[in-house]
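Once you scroll down, you'll see the structures, which are given as structure tokens.
In what follows, chain A forms one complex with chain B and a second complex with chain C.
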Partner chain A sequence: MKEKILEILTDLRPDVDFENEKALITDNVIESFDIIELISRLGNEFDVEISPKELTAVNFDSLDAITALIARLVEEEED
Partner chain B sequence: MDLKYFTECILEWWGQLSYTVWMYFALLLPLTALIYQAAGKKNRRYVLLAASWFFFFSLSGILLIANILTSAFVWVVGNKLESVNADKSIKRKARKKKKKQILVISVVLLLLVLVIFKYLDFLGLNIVRITQIAGIPFDWKVLGLAVPVGISYYTLEAIAYLSDVYWEKTEAEKSFLNVALFMSFFPKLIEGPITRYGGVPELFAGDGLVLDNVAYGYQRILWGLFKKLVIADQLAPAVNSLYDGDYMDGGVALFAALAFTIQEYMDFSGAIDIVIGSARIFNVKLAENFRQPFFAKNASDFWRRWHITLGAFFRDYIFYPISLSKNTAKLSGKVKKVCGASVGRFVTPAISLFFVWLSNGLWHGPRWTYVFYGMYYFVLILIENIVEEPFLKLLERLKLKETSAPVRVFRYVKLLFIVMIGEMIFRAESLSKGFDMLKCIFTDLRFDVMAENLENIGIDRYGYIPIIGGLIVVMIVETLKEIGVPLRAKLQALPVPVRFGFWYVCIFVVIIFGAYGTGYDVEDLIYAQF
Partner chain C sequence: MEKNVLAWLEKSAEKNPDRTVYEDISESITFGELLDEAKRIGSAICEAGLSGKPIAVMMGRSIHTIAAYLGIVYSGHAYAPIDSTQPVSRIEKILGLLEPEAVIRDKGTEGKPVEGLLGNVKSFGFEEIRSHEVDNERLKAAGASLTETSPLYIIFTSGSSGRPKGVITSHHSLMNYIEAYAGVMKITEEDRLCSQSPLDYIAAIRDIYLPLLRGAYSFICPKEYFMQPDLLNGLLNDKRITCVGWSTSALCVLSKLRMFKSGRPEFLRKVCFSGSVMPAKVLREWQTELPGTEFINQYGPTEVTASCTYHRIDHVVGEGEIIPVGVPYENYKVFLLSDNDEAVEQGGYGEICVAGCSLALGYYNDVERTGSSFVQNPLNGSYMETIYRTGDIGRFREDGCLEFHGRRDRQIKHMGHRVELDEIEAAALASADTAEAAAVYDKEKETIWLFYSGNAGVKELIVGMRGFLPGFMVPRKVIKMETLPRLANGKTDLEKLKESF
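Showing the complex of A and B:
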């Protein structure tokens, strides 16, 4: 899952080092246009619905955080 | 002294209560701080609430009731939303539906109150115009309702709070007095920043005064007074006479655009410095509203640095919810199929951006110039996002780096022009007058008569000295902040006599060069009217 998310992120913003960046939202590294495109791609890839509720820096500041969010949402969908 | 005369003086001064009058920062603020400190931990939030309601009453009289009723409404609905959140006897989907109904109805009601106070005459008069064209008899008597102070700010704060409880990002506040304090806290009442409920836990903590916070607060207030009184208010008579006048050549129009941009930035950011400083005295850390906006690389970046809390509100409560809604996704998917992915990927942000900027324009008030201002940025930001990729490719072809001097100069000039034109239309007395000014910049730009035309606008030759001097100081400070120099820490590290000497000089600069006293009117805060 993590590799796939990294692939999506890198495709969206090839200029960002997603493996090391830990403040994607806090430092405005990725911006609102990128975020909604990212959510749309993540939603299609993993078949999950990401609501505005999840749009927090905690969930999107790093590759690990995004992976944890998607893993949680996939689990919730299965429930 | 004659008691009657004394009372009249106090009442007259009180009538001018605002963040930039001495009565606020030298009387109301220290007096509140003293009572706050004396009241003890349990009672301190009551002192802040009493001071806030007193402040509100001084500015808006009986309309204080509107603020209290809104607070009560928000308190009740917040707790209702939370009780639905917690009610596990209802299935998840049904719970979500019920919560959504409560949220939508509440937001509509909050907006309705805002519309009644602020936009009713605007709506009525525009309906008259439309019905006249259609030949239907309709008349509208202008109501001219008084507007509760800060309603545009506290309504957005209420919407943000209820949405956050709905999304379970924040817990509903159990205490009505806490909600009431949040909705009326006097330092942020008139001009924002638009504050998130979860962002100010110190407001309710009741901790005693801390010397460093009080010092920081007053230093920040002094910096705000410098920007407002030495620069913005010195420019105000000139800006007013330029925009009220009839004739203008291109050079003067360009000067008017620049002068208002400077005035507005110094006025608003200066007021926000006073606001943030005032709140810090009570240990409350309000969000920053500006981050060196004129260092932005484009219009989108500018709006992430200018009136940050308004932009963040629209992003979180309009842009994202619309972008993530199923209807927008469906429409975007259809367009992608028909026009291809490269066009389709702009459909969702374009729809959301349209509503963001329409709301931004209208939020500033019931005027077509504001609506135009919103649409102006909608179009520009959309274009910027579409052409950014081709622009970067062009730079690659030209073997130019994004950080190279020519690219930075180009971007800076473009941004300055965009911001100045936007501000010119924003400030113009009417849309047609704004367009006339814009037109004459391109058709009648003559610098030979500019000096002559600028002689009678209310600033003499010496009047420019504090303005230009002040601007240079602000530019140096902003540059240092942009490159990350911790200015205050450096100042604090200076030996005590030097440090005190520095602050005394600052106080005297504001006293000597500030625009107040005889010959000056107290200039209203520009963003207080929105």
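Showing the complex of A and C:
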């Protein structure tokens, strides 16, 4: 799952080092229109719905955080 | 009418010294403290004995940045905000054009590559000058040299060929616009604003100056809040925000992020949007979610001090409805010129032209481009009447409401910013091994595409362009081709490229 997410992220913004960047939102590394595209692609790829409540820096500041969020949403979806 | 913006500050500070005027994510400042800080900064600059050329400001998204602007005004200079997080090559172009005599910097620029560009420019550290002693004699002397038409600020916008334009605006023009806007939006001392615009961008003038004129309050909201709807709703309610002037694109983004699913701004009564065409669908959602809130569409370029027309939306708009840009603000004259520089008949299309006291003083250090956009009104052969040619196409409805119908050239509005597609192409050609480049805009999806040919790889080119362009201008769709499609006349076939959308 992490590799797939990294692929999506890198496709969206090839200039960002997602493996090391830890403040994607907090330091304004990604723009608001990147986020829109990202949640749409993540939603389609993993068949989950990312609600506005989940759109926080805590969930989107790093690749690990995004992976954890998606893993949790996938699990909730299955329950 | 007051002579300059400092009169507004002094009046409000006298009336309500202990009231909070600005707040950011870490601190707040009262009218009294703001007056004091601006005077200290002004005194420090006066003491340096400068010649009167503009002073650049490279500071973060903080209430003190505004104090620095006002301090510069106290010293008798014009201020020129520069976003120090832009690519170095762009800052270099701006500095080359501006030739500032001095710069005020906060800690954010320390040790950054931008330091290397400053050369002999005198550098004021914000922390030092904010505690400088107030020298009323010197401030008085500096103030005496200001007139209503003295330049207040220089704000940079995208220019084709990659050379930014510095729009220089007088106190008089700014005050005229702010008063007109305050009237339309019925701003009072009780209003609490929330600033979305970057502080170096034209739209920020409302959030900066309305509090000074009317005794209102502005919260300087961090940019990342606009990607986190829950956080933003919480903040708007915590700070009891009543009135905002945001970019159309911010409203669209929040709608796409489904802001109203997780809450709503309970105190928001007035929303003005501007910067690009508002899709009816998005406005309809905002109107439906916030039934007690008034919505106003606003239109106009930086060159006429932010805006020249406004339109009060008086009904919930239907899907697909065209939202007009409305009627001129007080003291603005707005009319159309045909391709032959003649008057346009009622109901016809023409270039939107603006006259009146809110016209900018021109483009700083750029006589040529000033002369081609700020011209004598061709309909007036009797006396000097400068007009600004917006390059936008418009049409007046029967009821006198102006409609916007696109551009004459290749300028687009993207995420609330003016973007010259030529500037993007110039960056693509300069930043990597590319032979041809064509930028096109997918308005519907708000995406900039770039098609190119050459040896450079896609990633290499994208990274390269980031060295020339601010982040929002870097194309998100980059397509490598063997060669770009051409029309019979040799020009790139842009319509063909758009088929990729």
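Note that the second predicted complex is superposed on the first by the 79 of 79 C-alpha atoms of A that agree within 3 Å, B and C clash if a C-alpha of one lies under 4 Å from a C-alpha of the other, contacts with A are read in each partner's own complex, and residues count from 1 in each chain.
Going forward, a contact is a pair of C-beta atoms (placed from the backbone, for glycine too) under 8 Å apart; a residue touches a chain by one contact, two chains touch by 3 or more.
It should be emphasised that the depicted structure is a prediction, and the values quoted were computed from it without experimental measurement.
Enquirer: Once the structures are superposed on A, label A:28 by its partner contacts, choosing first (chain B), second (chain C), both or neither.
Expert: A:28 sits against chain B and chain C alike.
Enquirer: Using the touch definition from the top, say if A:56 reaches chain B (first), chain C (second), both or neither.
Expert: both
Enquirer: Answer with first, second, both or neither: which of chain B and chain C does A:37 touch in the superposed model?
Expert: both
Enquirer: Considering only the touch criterion stated at the top, classify A:12 as touching first (chain B), second (chain C), both, or neither.
Expert: second
Enquirer: With both structures superposed, pick whichever of chain B and chain C touches the larger number of chain A residues.
Expert: Of chain B and chain C, the partner in contact with more residues of chain A is C.
Enquirer: For chain A, which residues lie in the overlap of the chain B contacts and the chain C contacts?
Expert: Shared contact residues on chain A (touching chain B in one complex, chain C in the other): 28, 31-33, 35-37, 39, 51-53, 55-56.
Enquirer: Within their complex, state which residues of chain A touch chain B.
Expert: These residues of chain A touch chain B: 28, 31-33, 35-37, 39-40, 50-53, 55-56.
Enquirer: For the complex, give me every residue of chain B touching chain A.
Expert: 167-169, 300, 304, 315-316, 319-321, 323-324, 329, 332, 345, 348-349, 352, 385
Enquirer: Which of the residues in chain A end up touching chain C in this complex?
Expert: My answer: residues 12, 14-15, 25-26, 28, 31-37, 39, 51-53, 55-57, 60.
Enquirer: Over in the complex, which chain C residues touch chain A? Could you list them?
Expert: 223-224, 226-231, 250, 253, 256-259, 261-262, 415, 446-447, 458-459, 462-463, 466, 471-472, 474, 476
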